[in-house]
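Input: one structure, supplied below.
Chain lettering (A, B and C) follows the sequence in which the chains are written, and residue indices restart at 1 in each chain.
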Amino acid sequence: MSSKQSEPSSYNLEVKGLTISRNEQPLLEDTDLSFNAGSITHLFGENGAGKTSLMRALAGLLPLDSGQILWNQIKNTHPESNFNQDLLFLAHNLAMKHELSIAENLQFYSILRGRKSSLEELSKVAAELQIENLLERHFSDLSAGQQHKVALCRLVLETVKLWVLDEPFVNLDAKTRDWLSAKMMHFAKEGGVVIFTSHQAIEGLKIHQRISLSHSEEEAA
Amino acid sequence: MASFSKTAGRWFHQLGSPKWFYQKSVKWLPWLWISCLALFAFGLYYSLWASPVDYQQGNSVRIMYIHVPTAVLSMVAYLAMAVCAVIGMVWKMKMSFMAMRALAPIGAAFTLICLFTGSLWGIPTWGTWWEWDARMTSELVLLFLYLGFIALHSSFSDRTKADNAAAILAIVGAINIPIIYGSVKWWNTLHQAYSVTKKGAIDPQMQTPLFIMIAAFYVLFIILVIIRLRLEIMNREAKAKWLQQEVGLGQESNAGANG
Amino acid sequence: MFLTLLKRELMLARRNWVAVLIPLFFFVIVVSLFPFAVSPEAEFLQQIAAGVVWVAALLAVLLSLDLFYRGDFQDGSLEQLLIMASPIQVALSKVTAHWLVTGLPLVLISPLLAGLMHLNYAPNGAVEMNHTPIMMLSLLLGTPTMCLLGAIGMSLSLAASRNGMLVAVMILPLYVPILIFGSSVITASLANSGYNAQIAILAAILLFALVLTPYTTGKALKVAVS
């Protein structure tokens, strides 16, 4: 159930009659979903149930077999919906270049968002995640956990309205997990929309909507 | 006018349904086979016995009756593939992509036959089995385009991606074919010394059997496309209930067949 | 936006400078093999120089494509770029960077190859003509088209399981027209005949490709990340 937060906002993501498939196997059929401003949605389900495919469809990457995705009542592929500018999609792969430094990687994405983050902003968020000494290092020099933290910095540095996060909690230490939960709740409170997948339950994270994905009935039929 | 567009719309819709096509096409095939065999019987008789011998080339001119139809169809097939690619991309019609995939090996085979018969023809007329003649060179490039398409389509594990990627390649190739042909022709005239003009105006007595043979090959081509398309449908819709019933798989259909 | 993307591509290329130089080495090495394989006689080499240089340039461009597309596809950057920028901009930035880093250096290094292939050889007593600038001009007009067309093939093959040779098999047939006109520019210059028509056609093909291919490459990139 989605419980409305105190701050009303017009942002909402609506999915109507969505059908998606992978390798011609239907994953979701004629599904309606709704994600409101200020809400955090937890998508869960077994491996292969189509969580990642749904996330990629919501991010506009996976073409839909049928149905549509509406961002503030406008189709997400329509330029007027501003969907791509409002969306931050974090996937399994971290989308960081090994040849560039942490600061260069993060600044590039913020420039694409229209505003280059300053070094102060970078050091502030890096300090919160204990990677402030690594800003000038190449991405390839970091450990896997540190690399993950770098990707999470984007959540703070880029001003968007919708987070689509695929397994953001995986391989995080307890401290970073709490940090991420706090950021997600803060973002929702400001009127953002959060959709994430996770295998485990996250302690201390207030979730407004849970969606369970299971293998479609197709197999049984 | 309105009724025409309505009929056209219905046709479009039905052709887009694998089930409709699969069930209907099986009824078309016998008629197509009959007309195909009749055309070939008549065409082969006309072209191999009843038509005159070329005063320069002798009997070897008869290779033309296979060479020219395959050359025509090798290009028609590519064009059809590109049209299917556009329809598939614009209207997201799965059947169109299936047809595109079904056309590729047939087109490649016709191209290969065209090149092979061209070589055979070349030995008595040019004294060599390969000449860098504009038309033959273009056919060779066309064969490369077909092979590139097939290679690309078969190297994806995800069929949807394969269809979309291969469709883009088919369209790019179709836009390029006239440019390639034009440039090869230009290049060929530059090296005039090596090229041999194949034929001048064609004798009407040769024209008629040639047209019959082209028609015969056209029908054969349509039959082959239908057969391959049916295979493609069976391959892709293997899990669909209607198809399992159609081929007599599954308990329900068995029971139905017995009753 | 385009400049931001281009700057990133160039920065990545600079960090990978060794990989960027490999196609240039390849270009020089392939051309220098021909005298061993056929004959070191100047007169003979001069005749095949145009074709050899052009074919080697085609292969060098094809082999260097990987650097600009594969990495971004594998680490997920490509989908981020396609979310935040338009596919056409992404395609154009990659093609531009690829040409600046590979195509242009090929043009600049080609006089060296003209020397190796005795392009300007003249028999005893004859006045030596300088054909090198014409060869550079043909490559200057041809290499951007190679990059534009190659980008389509590369983008299409990104998500395919088998690759390597796949791009070459798909794209080389499409290179036939520019190969014909490009090398014929040089041959015409050697024969002291006019080559303006060929230059004009090369330029026309380049413009045509410039208009049509970025959209197509963008589409192909979208398919790759789907």
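Just a few scattered comments:
By our rule, a contact is a pair of C-beta atoms (placed from the backbone, for glycine too) under 8 Å apart; a residue touches a chain by one contact, two chains touch by 3 or more.
Fair warning: this is a prediction, and the values are worked out from it, not measured in the lab.
Compared on C-beta pairs in contact, A-B and B-C come out with B-C as the pair having more. Taking the mean of each chain's C-alpha atoms, the chain closest to the overall C-alpha centroid is C. Taking the mean Cα position of each chain as its centre, A sits at the greatest distance from chain B. The distance from the centre of chain A to the centre of chain C, with each centre set as the mean of the Cα atoms, comes to 39 Å. A separation of 47 Å divides the Cα centre of chain A from that of chain B.
A straight line joining the Cα centres of chain B and chain C is 33 Å long.
For chain B, residues that reach two or more other chains under the stated contact definition are 157-158, 160. The set of chain C residues that touch two or more partner chains comprises 226. Touching two or more other chains at once are residues 63 of chain A. Against chain C, the residues of chain A that register as touching in their complex are 59-63, 84-85, 87, 89, 91-100, 104, 108-109, 111-113. Residue ranges on chain B touching chain A, taken from their complex, read 157-160, 236, 241. Considering their complex, residues 141, 144-145, 147-149, 151-152, 155-158, 160-161, 164-165, 168-169, 171-173, 175-176, 179-180, 182-184, 186-187, 190 of chain B touch chain C.
Those residues of chain A that touch chain B in the shared complex are 21-24, 63, 221. Across the interface of their complex, chain A is touched by residues 1, 4, 8, 11-12, 15-16, 71, 74-77, 79-85, 225-226 of chain C.
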